[in-house]
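In structure tokens below, several structures.
Below are two complexes that have subunit A in common, paired first with subunit B and then with subunit C.
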Partner chain A sequence: MSDFHPNEKGRKRTAGLWNVVFLAATLVGVLSLVTLVTSLIDSCFGYVVLQDAYAYSEVSVAPDKALASLTKDELVQTLRTTAEADLTDLTTGRLRLLEMDRPLEVRTEDDLRNLVITEVLKSEIKKSWSLMESLSQAPAITEFQKSRYPDGHLAFRSWLSPEFLTKAQSGGKAESNGLRGAIIGSLWIILIAIVIAFPIGLGSAIYLEEYASDNWLNRLIQTNIYNLAGVPSIIYGMLGLAIFVRLMGPITSGAIFGVQDVNGRTVFSAGLTLGILILPIIIINAQEALKAIPNSLRYSSYGVGATKWQTIWHHVIPASMDRILTGTVFAVSRAIGETAPLVVIGASAFLTLDPSGLFSKFTTLPIQIFTWSQMASPEFRHVAAAAIVVLLVLLLGLNAVAIYFRTGIQKAKDAL
Partner chain B sequence: MTPEVKVSENVAALLKKRLRPGEDFIQVLLVACALVSVLTTVGIILALLGDALRFFATPGFSWWDFLTGTYWEPGSGHFGILALITGTLMTSLVAMVVAVPVGMAIGIYLSEYASARVSRVLKPVLEILAGIPSIVYGYFAINFVTPSLQAMMGDLVKPLNALSAGIVMGILILPLIASMAEDALGAVPKSLKQAGFAMGATKLEVALHITLPAATSGIVAAIILGLSRAIGETMIVALAAGSFPRVSFNPLGSVDTMTGYIVRTSGGDIPQTSIEYMGIFAIGLTLFLITLGLNMMSRRIIEHFREVYE
Partner chain C sequence: MNLDNTAGLDLKNVNIHYGDFHAVHELSMDFQSREVTALIGPSGCGKSTLLRSLNRMNDLIPSAKTTGEIVFHGKNVYDTDVDPVQVRRWIGMVFQKPNPFPKSIFENVAWGARINGYKGDMEELVVTSIQRVALWDEVKDKLQKPALALSGGQQQRLCIARTIAVQPQIILMDEPTSALDPISTAKIEDLLDELKKSYTIIIVTHNMQQAGRVSDKSAFMLTGVLEEFGTTNEIFFNPKNPKTEAYISGRFG
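Right, the complex of A and B next:
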């Protein structure tokens, strides 16, 4: 080739230069991941200014002691007396509701102290900072709090907390939101999607790999599956909206089963939609798994007189199970992060009741992240970041399960 | 010797194909499973077509306006889908400008340069990047990339803009292009490269003048598939690209994309009979046809233009 000239020094220099270019490109990939993770962590922790709507000295039964050093009895008394005297927003009715949830006497001291803060003092977050700001500008932040909110106090808050995971959703303030409904919704929908997509997907793959002859119909099915795998997920949402939500509305809303007062925008529709969405992924992965099984295994089974289905059920499927499960976990982790189709079929942005069955309204982790990311109030970006961390940890956990399947079943095979 | 004759008669009877209703039943069941995916496609086409046709039949709709108008707001009689298509193309092109060079470079690095140890670290990083849901990238776009762009370029950058969405989308499709490029380059036979080395070529010369041209079809297919993915990508543009349904070529300003419009419109509780509801199906149909065309093109290229050696 004409470009190969004998100028060795120049050629080496070009090679070295490009080496740097390739390395830099690779670094871009690594850096994007690092930046993404750091910016998430940065938003998950940080200082907040809290200001109480009611002064502590006016409501406490022991105003000279700090809130942190009140005993359990004093805390209970504080709650009771403020409710009875109607000093704050905590009414006797509200207190009765709280007691119905769990009587004050059996609650822990921390729990009671939280109640005093959220129900009596009505402590509110006025301003929040990211972790980076909190670390680098601590004096300025203190200064800001002293000048702007002299009655408030500064606290270091972890937006990601066990309480955040277990609390139900509530509108209004960012800090009073929890993920319980979203996590339950995600689990429900994934469960339905797997129950639908796994058997159908495995069945299709077995048909295509073990039975199908090379004719136009089977080629059409195969091409169709490849094309479906490339259809944008939002199109599946539109399919779900038109077919599952509107056309099959009476079934997916549970109306024909006597469930009332809901439309087709239910857990059931969402599960069906995601099931259809991951079907091609499961089929293609299962096909790859079946292709990897050597024919000698099948022939030896036929050789001892097994039928086709006996061969498949007792030999081919068990031998390829590790790969099939790995592929399924991959499909499930795709489904867990799906947002667009669920928005289209009509997820509820705000849901006070946890999804409790097929015909409940639903929300999921990604839907909550989407909703919170759109909120104007800056506190919501911390909540969204915390929800993203939960979602990513869940996905990492799933990948760990996939690796476990792979190695665990491999070991069992080796032991045979 | 009568018993022996009897045995051979029995063998003949045994060798006759026995009816196995159970086996047949299972096969029918498996065919039914395989047909579900065909039904899905039929369902998608019918679902999109049904409401799209109703949209095209609404009074006041004109094909001329649909294909050449520059403003999309069916509620007030503006049907210019170009407004959404240009928005989609703009974010997608920015994404390709980021993803193609970087993805190709990573692909070349992984397949031609990287030692086994480096790839052991790099590949999981790419896999993680590919496995992150797009909603997370959307958050990243509005909370990190847009503020960074604003810090660099000032007020020119709108809070919601095509550039930020496009850059982040580029990061999203980067792993796809990198891994497909790596596969394509890896499929080039070693003998070709060794011939290059034997002639005294450097690693770079072999990579750029021998491996890369030999893998062209795979790389083109990767780029087309990446473009299709970018066009269909939803959550990043829904969060970061804005809602400005007019033809605009300013990457620093708001645009509106096909997917973003569908998500925003269907998220609200619009009545089934409204023109906006039917409109999203017309957009969906357009989107479906564009991505389907690109995906089929990509597969065709891989199947028909693959260089066959030896």
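Right, the complex of A and C next:
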């Protein structure tokens, strides 16, 4: 009895201390996430000073009515008369271009109103504030607008808007930029990457896990796959540039399929590069998924006279599919945020045409965020923040899809 | 092979190695048709290894190597022109831990028959197989429910039903009741009496009483060597080998 010194108080104190340390670690993590989200939201909303280059009262066909209450006919008339009378920068030539895009008569009222603002009034954002500034310094901001931009007006702007998502990129001011091309580009590239990497990755994992014998060659392959998963992504960019853009240029540019005026810096090359980038991750995750299937399941299948392929196809793959899909989504999440390799293989920083197929030039969400964050004009800060929010929402959406699939598979399993 | 009738197995000079480890030495014996033969012996004596070698389940372990002859219907199952998949189809196996497929109860029984090209009435086959393992009353209302929701004893009987659904000739059982409670164990032992009318059954067991109750013949193994093989009565009540006697009477193992 006397040889034992339980020291209960001391042990409990140590336990309590570690409890606090772990809690603190968690709090630091949570705090940094909260800071990130807060600063994003902070940049996404806020006051802006808008100033029209031309006075509304001088160009409108109905100057006594506010712009917001003009009818569709009045909006069309305003556009036509200002162009014909050459009152503003909107020339008849410019109007003809706009009509070629879509005739005024078939455009929506909102669209026309926007045209009046951007083409006739040339309304511009002169200065912008973040959400925090807007909330805390509203009187000072109003004062600033009155003294510096007496002709302008103050508006509360959400940089993140449906319009921002659906508008194409434009070379001009921050506020006239949209994400449509980047979203379509990201989706295209991810789709190609999955179509390439998932079947190859699953196939390799099945070979390595179920078929390959334990010899030096297979061990070498396995080691290399682990190493490849850790290779910096820019190196995949170099590989993509050398092989897909340059060497396979005729194929990836679509030249051999009759596509003209394009080089290998296309959606196809980008998708292939990201496909190769996520391949080792998919292989490793799928291998782990297959490893998690107990041998007893395989034996029970062999025990009734099943072949290896029947065992794998009917039992091993269905039982591991939820984990395989989870791993794939993990890999796709990585791919969708990749920037460096796409810069290397030549993403377009400025692209007004939407990527429409394999052989289009491309830009992606992270590329856009990168480009906009480099811009000198402070308004681009808000646009970049809004794009980041879109990227994060897209990632969350992907994860939600994965969870939906997984629970679906789990339910199907349970129901059997 | 003429497979019309259930046949036994003839073992001649069987040796099994795992890498450098010699697990079974020069073992010769024969398993008679329509009998239950028990393989007994202490842990690590090679009885499970021997059992798994009989239907080439050991092929799945890369380091395992079997030499000698295991003759089934006049043919060594290890001949190069014999397909191990076919061997396992005729020599079924029930494992220590119940391992039903993560599928429905119906599908558990039907799957093996289907992949082996069964063209008869599948529903009837499933019902008969489940009835033969005395599980019908317990599962007849939930054939589409997952097999993994059954109790351990029910799962093991389902595994036996799955095995007999492909109509093998020999059933190998590797400690089939060691993970089960006494009532489930009793049910499976009763089942063995019934099944041996149609099949050759070879069972590995650690439970001496069980071996005594269910088997017609017993084989006692020690460190990979077959020490004694005879009728269960002889082995239990009149062993010729002093090592057998020591083991039976509980002096080791």
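As a working rule, the second predicted complex is superposed on the first by the 377 of 416 C-alpha atoms of A that agree within 3 Å, B and C clash if a C-alpha of one lies under 4 Å from a C-alpha of the other, contacts with A are read in each partner's own complex, and residues count from 1 in each chain.
Rule of thumb we're sticking to: a contact is a pair of C-beta atoms (placed from the backbone, for glycine too) under 8 Å apart; a residue touches a chain by one contact, two chains touch by 3 or more.
A quick note: this is a predicted structure, and the numbers were derived from the prediction, not measured.
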| item | value |
| --- | --- |
| First, second, both or neither for A:Tyr54, with subunit B first and subunit C second | neither |
| First, second, both or neither for A:Thr307, with subunit B first and subunit C second | both |
| Touching partner for A:Ile234 - first (subunit B), second (subunit C), both, neither | first |
| Which of subunit B and subunit C A:Ser296 touches, first, second, both or neither | second |
| First (subunit B), second (subunit C), both or neither touched by A:Asp214 | second |
| Which superposed partner A:Phe144 touches (first subunit B, second subunit C, both, neither) | neither |
| Subunit A residues touched by each partner, larger count belonging to subunit B or subunit C | B |
| Subunit B/subunit C common contact set on subunit A | 307 |
| Subunit B to subunit A touching residues, read off their complex | 20, 22-23, 26-27, 29-38, 40-41, 43-44, 47-48, 50-51, 101-102, 105-106, 108-110, 113, 122, 125-126, 128-129, 131-140, 142-144, 171, 174-175, 178, 199-205, 208-209, 225, 228, 231-235, 238-239, 259, 262-263, 266-267, 269, 272, 280-281, 284, 287-288, 291-292, 295-296, 299 |
| List of subunit C residues in touch with subunit A within their complex | 55, 57, 60, 62, 85-86, 88-90, 92-95, 97, 99-104, 107, 111-112, 115-116, 144, 146, 159, 162-163, 165-166 |
| Complex interface listing, subunit A residues touching subunit C | 213-214, 294-307, 310, 314-315, 318-319, 413-416 |
| Footprint of subunit B on subunit A - complex, ascending | 1, 3-4, 11-12, 14-15, 18-19, 21-26, 28-30, 32-33, 35-36, 39, 43, 199-204, 206-208, 211-212, 220-221, 224-228, 230-239, 241-243, 246, 276, 279-280, 283, 307-309, 333, 336-340, 343-344, 346, 349, 366, 369-370, 373-374, 381, 384-385, 388, 391-392, 395, 399 |
